[in-house]
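Let me begin by handing over the structure; questions about it come next.
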Amino acid sequence: MKRYFRELSVVGALLAVLLGLAWFAPAFFSPQPLLSLVTREAPTLVVACGMACVIITRQIDISVGSIFSVCSVCAGLLVARGWPLELVLPASVGLGALFGALNGFLVAVLRLPSIVVTLATMVTLRQGLNLIRQGEFVNLPDRVQWFGLSQTAGQLVLVGAALGLLVALAWAMRHIAAGRYLYAVGTDAEAARLAGIRPQLVTLLVFVFIGALTGLGAMMNLAQSPQVQPLTGNGLELKVIAAVVVGGVAISGGRGNLWGAFAGLLLLACVSPALTHLHVEAYWEKAVQGAIILLAVVADGLRSRQNNR
Amino acid sequence: MSPAAQAPAISNKARRDWRALLTRHEMLLLYVLIAEWLFFYFAGTSTNRRGVIVGFGTWDRQFDILRHSCEIGLLALALTPVIITAGIDLSVGSLLGLCAILFGKLWHDGGLPIPVAMGLTLGIGALAGALNAILITALRLPPLIVTLGTYSLFRGLAEAITRGSITYTDFPENFLFIGQERWLGLPTQAWIFISVALAVGLLLHRTTFGRAFRTIGLAPEGARYAGLPVERRLALVYVLAGLIAAIAAIIYTARLGQAKADAGTGYELFAITAVVLGGTSIFGGTGTIPGTLLGVAAIAVLKNGLACLPVVMRLNAAEEMSGLLTGALLLVALTASVLPKILSNLRPRRHTTTQSTPPLSP
Amino acid sequence: AADSKLIVAMLPKSKGNAYFISCKAGADKAAKELGVQLLFDGPTDSNAAKQNEIVENWITLGVDVITVAAENKEGISTALRKAQKQGIKVLTYDADAMADSRSFFVNQATPQGIGQTLMDEAARLVGEEGEFAMIVGSLTAANQREWQKYVEARLKEKFPKMKLVAVRPCDDLKDKAQSESTALLSANPKLKLIMAICSPGVPGAAEAVKQAGLTGKVKVMGLGLPNENKRYVHAGVTDSVILWNTGDLGYLTIYAGVALAKDELKKGAKSFKAGSLGTFAIEGDNILLGKPFIFNQGNIDQFDF
Amino acid sequence: MSSPLLALRQLVKNYGGVRALRGVDFDLRAGEVHALLGENGAGKSTLIKIVTGAHAPDGGTITLAGQPVANLTPATARALGIACIYQQPALFPDLTVAENLAFRLDASAAHARVDWTARRARATSLLARIGAAISPETEVRALSMPEQQLVEIACALGSGARIVIMDEPTASLTQMEQHLLYAVVHDLRKNGVGVIYISHRLEEIFALADRVTVLRDGQSVGTHAVGDIDEAALIRLMVGREVAQIYPPAESIPGAPVLSLCGVGCTASGVHDVSFNVRAGEIFGLGGLVGAGRTELARILFGLTPADSGQITLKGETLHLRSPQEAVAHGIAYVPEDRRRHGVVLELPIAQNITMAVHQRLFPTTWLRFGAERALALDYIRDLAVKCAGPDAPGGSLSGGNQQKVALARWLATSPKLLILDEPTQGVDIGAKSEIHKIIRRLAQEGLAVIFISSDLPEVIGMSDRIGVMAHGTLSTILPGGSDPHTVMAAALGTAA
């Protein structure tokens, strides 16, 4: 239990918020709007899973927002051009993986700092997309939304897919050797090498992985509305990094898990609708988000100080 | 060993230094800057319909570039010591916004005279920096996460205080002078920028403080063992960053004649880019103020120069092109910085200990 | 004197904004008809600082006419005065700067007019009573704050039975507009209408209403572009999309600018003829475009931008 | 026995300029414990790292059971049945004991399923087998140093390897844990495993090993059956010289006490009840086994881990040291044992390394005075005969011994009242070593009080005026300089001689 203190405290905070909402604004829990809200977070969750892996490996990727946008637009254009979804999905995932591989190459092989590398790719991709699209929406054919299923079915499929992925990944991170490699490399790359792991390969692959997940997330976003806005991924990187960190994944690598990241994401995602339901003015939102992030890290800092005593 | 015996070795060294100097990162960046400048001078200058020389190659344009680079330049100056200590501060752009509206509020709602409001704003900037500093040094939290939190918090406070909507305007002429006029031939704010650059440069390169920053960046434990006041120096760096962000906020307000909660949005990324482009290692320990200034200049010239190129104008894409090229330039600079090491690593016999590729057969 | 074409520069508040994209379409048409070169550049997000930088760049580029949709009245005016001093003609459109920093303002509708039209249309849709909410682009976008102000003023003055229950920002992101609207819908069960005053907000709100199964029960309206909203208008989710004929705004602005540069338009003129659009009245130094335009099921298919 | 389990021929390894191994031959047979002996820096750990694939050799051959192997990596070494307990535990502090064991023991494919129940069960049984009371579920960071070493030992036991290497496994173990280890070694030998055993403790070697190979300066100087050789002969082989001759003698009588400790302790670092005093002009040696707490005591005196009990008095003034700055302000200087991490900032020029602790005095206005700095640096470079290209050369360009001189110069520049030297000659070649000895003696002669920490028994005996021997976190006894090594060793082991 003590080992999961951090995750449990986030879950506790989340429960407190939900309880507060249940008391003051029970309407929050009406099934349909809630399902819609949760569905909107499904792509974010997928990307957050990737980010958790990257941060556990002691790297960071701030280009996910841009990759998300680029994949969304490209996938949207392919769909609009009449490609079947069965082809667009792998195309989008592949494109994301390709960008991830670029980041991974620069970080793992050239040993450049990931924060600067992904900053550069973030700016380059974002501005490149702006240049080409000039903000214009991509209109999609009707068959795309909810993959042609009914709305509720589509939403359930998306949420189910995201949760399924979460469960599978969380399981794999714990029960498949490769998942444990991430922790080993993130804790101490040299010790990992001595234990027969190849840290560079792991680093490269984890970037490819987050890229692929971002491409997948873009597809899950695409299926939710009949239009794609090229700005769609703006700010996604900060959102997922904050969620992952609030969820107890240590920025110094090697610690944390996907469940914590999941709880962190839900907590941060709750803020905005909670403020709406509590009829708090919108201009408090960013300050509250910032305060939550700070509280989470301060609590962590205080606790680890105590432990070190 | 006698001094005479050492002399030849040292002068030999000096000669090698001279060659090293020419291939230093800063020099390479200077070549890039000159090349950029010449390119835009020739490709971005023309004579217009009325026979007036227009475009990049005019003094006006050069001064505008200077004027527009001051705020991001200041933030880059603030970030250089931070990054040299192997830290990071993502909150400077948001702090610029918060300071701008607090300055406006103090002057407009508080009815304080401009100089007093300025003084208080600087104090607020330093205080906000101190918040980062306390969290980072006293609680030993990673700077990236702390300042990610304050990045949101400061911007959020700015929005909350103005409820998003209030814009402070109608600043008096003599205040706007700072941001919009020239003084002694240069845009007024350029003098402030130069002073801050000088001050930070001296602090970093000519005082024991700068020494401490570098040492902390290279070896935080080593610095502690050398009896350096690591926590205090780290705190200073973040407080200083807050202070400089406040100066940037005042200049920003004076340049635009308005203070609004969105001031400085996204500036931190430009500033970090400029610092890293200027040769400061994100891992800490190395970096210079001249490098940072060159980094800022390279980005500013690129951005403004592109806007003068006919082909870019026809595409209406100055901003996107400059973002694109800045990102690419950063990648190229980074790759170039490690290329010699990579190449020497490719040589068959290696003496490094930390390589993790499979060893070659004996 | 390599290129003897007149150069007219046009500065939108935000380049990616669909509103200004359509504006540019009209401007392009006018530029072609008049044989002038059009420069169209602006910040990708509404950003006063960047607007200044662009104007100053144009000054050193020596363009002939600068037309500006001012994000910030004060800030931009210094730069515009500087332009005038260099002999560049300055016009404002969409949002005015200080009167002394430009020759004319092409007034598509005052913010007051927009606010009133929005509010009146909203009131009409819900029968002048009930709760409604607003989606704005960002909390700090100046023009939207102004529209919002006049919406609220009109509300207070004319429609006592209506109530504005919430204003939520969407960061100019359609997806965020959708989440915000979803939350608004469940938080305010009595909500009758969502008014979005940024262009990505309208389809975002519509999608939320559609997903909530409240099509027809909760009305959606706002400022937006025909192409982004067509499917929702046809599906009966979105009731009306309000826009000046922004194409016309761009067209008129360029015509006025060129006339100004050629000294065909002078202070004190009472009317102005702009190509195929015909003649427009001038009130003081305001060239009046006319009333905002309301798109609905009946007419939206006639427009493609 | 046909071919040996492991045969190393003419192994060469250089680290930059340091020649760690210069052509070493070594054999290991099945079912034997082969001890590897040598001074600090003789190249023992390096040899091991080559056998485990952690480092690639620069020359030589490795033969495993008659099969030559090339391109050894940690993974292939493990697959070939080589397991190792590293000198510095190579554990993952954020992971649990069970998982750490698994990382070291399983060479599973990346896609293999992790069986936590089995892992826990195996960890429990392995830990039980060596008799360690550690839960497999605890995170390694929560373990003490000795406990971590026990986990390493469990790794070796569980590996099922043909070759088990132990690099100073007892360094931080207490008596009881040592016996656990001995049992493990006997167990392995019985099962036909070849064990390479590295230790500085001779009595351990006599108790455990079948054969012993001595390394000196990166070369093998002889392999002997343990029955054929005695302690004195081994020491001669290791050191290659007569112990007593090389230490500069004391020529003056120590003066008044400079530092007095009375019952000093610190719970966090396990040091307790330390009392002694050091006089002006005296070299007070601190001997003991690795892990006895000497460094921890030094850290207390330097304010890095503040004491929570007892009294520290310096020149009559009672000190409450809470940070290195305070210690420096009071005239205490500390040359740390980890030179590369704490002693010298490798990337900075020598001059800056030397002036780092005297900023306040050298630059009273905080403005740097490059001329003065250079002059000061040159003074010390000359005074201590640092071999370098000049004061602007980076610290990392120096050899170990010269780095140590720079670290020393930094503290001499502060004109301290008390100088604490922690392993000042570790990894330093013989020549530089005796130069450093002379410098230290000269400093003492000039009236400085010196605390001299060394794990090198002959050195600490030869250099010190008095020797404080530490064991298990406290001072067990104080012996006069030049005492019999056996007496000192006995005190260090905490047993009566």
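Note that the chains are named A, B, C and D in the order they appear, and that numbering of residues resets to 1 at the start of each chain.
Heads up, the rule we're going with is that a contact is a pair of C-beta atoms (placed from the backbone, for glycine too) under 8 Å apart; a residue touches a chain by one contact, two chains touch by 3 or more.
Keep in mind that this is a model prediction, so the values were computed, not measured.
Asker: Which chain's mean C-alpha position is the greatest distance from chain D's?
Answerer: Ranked by distance of C-alpha centres from chain D, the top chain is C.
Asker: Where is the C-beta contact count highest, in terms of which two chains?
Answerer: A-B
Asker: How many angstrom between the C-alpha centroids of chain D and chain C?
Answerer: A distance of 74 Å separates the two centres.
Asker: So the centre of each chain is just the mean of its C-alpha atoms; given that, what is the distance between chain B and chain D in Å?
Answerer: Their C-alpha centroids are separated by 44 Å.
Asker: List the centre-to-centre spacing of chain A and chain B in whole Å, with centres computed as mean CA coordinates.
Answerer: Averaging C-alpha atoms per chain gives centres 30 Å apart.
Asker: Could you put a whole-Å number on the gap between the CA centroids of chain B and chain C?
Answerer: Between these chains, centre-to-centre, one finds 36 Å.
Asker: Using the touch definition from the top, which residues of chain B touch two or more other chains?
Answerer: In chain B, 159, 162-164, 316-317, 319-320 touch at least two other chains.
Asker: So which stretches of chain D touch two or more other chains?
Answerer: 73
Asker: Touching at least two other chains at once: which residues of chain C meet that condition?
Answerer: 15, 44, 139, 169
Asker: Each pair of chains that touch: what are they?
Answerer: Applying the touch rule to all chain pairs gives A-B, A-C, A-D, B-C, B-D.
Asker: How about chain A: which of its residues touch chain D in the complex?
Answerer: By the definition above, chain A touches chain D via 3, 174-181, 183-184, 186-188, 190-197, 254-255, 309.
Asker: Where on chain C is chain A touching in the complex?
Answerer: 15-18, 21, 44, 139, 165-169, 171-175, 178-180, 182-187, 189, 200, 203, 207-208, 211-213, 227-228, 231
Asker: Touching residues of chain D toward chain A in the complex: what are they?
Answerer: Going through chain D, the ones touching chain A are 52, 54, 73-75, 78, 86, 90-95, 99, 102-104, 106-114, 116, 137, 139, 268.
Asker: Quick check: in the complex, which residue numbers of chain A touch chain B?
Answerer: Against chain B, the touching part of chain A is residues 60, 106, 110-113, 115-117, 119-128, 130-131, 134, 189-190, 193, 198-200, 238, 241-242, 245, 251-252, 281-291, 293-294, 297-298, 300-302, 304-305.
Asker: In their shared complex, at which residues does chain A touch chain C?
Answerer: Those residues of chain A that touch chain C are 25, 27-28, 30, 32-34, 36-37, 40, 130, 134-137, 139, 142, 151, 155, 221, 225-227, 229-232, 234-235, 272-273, 276-277, 279, 281-283, 285.
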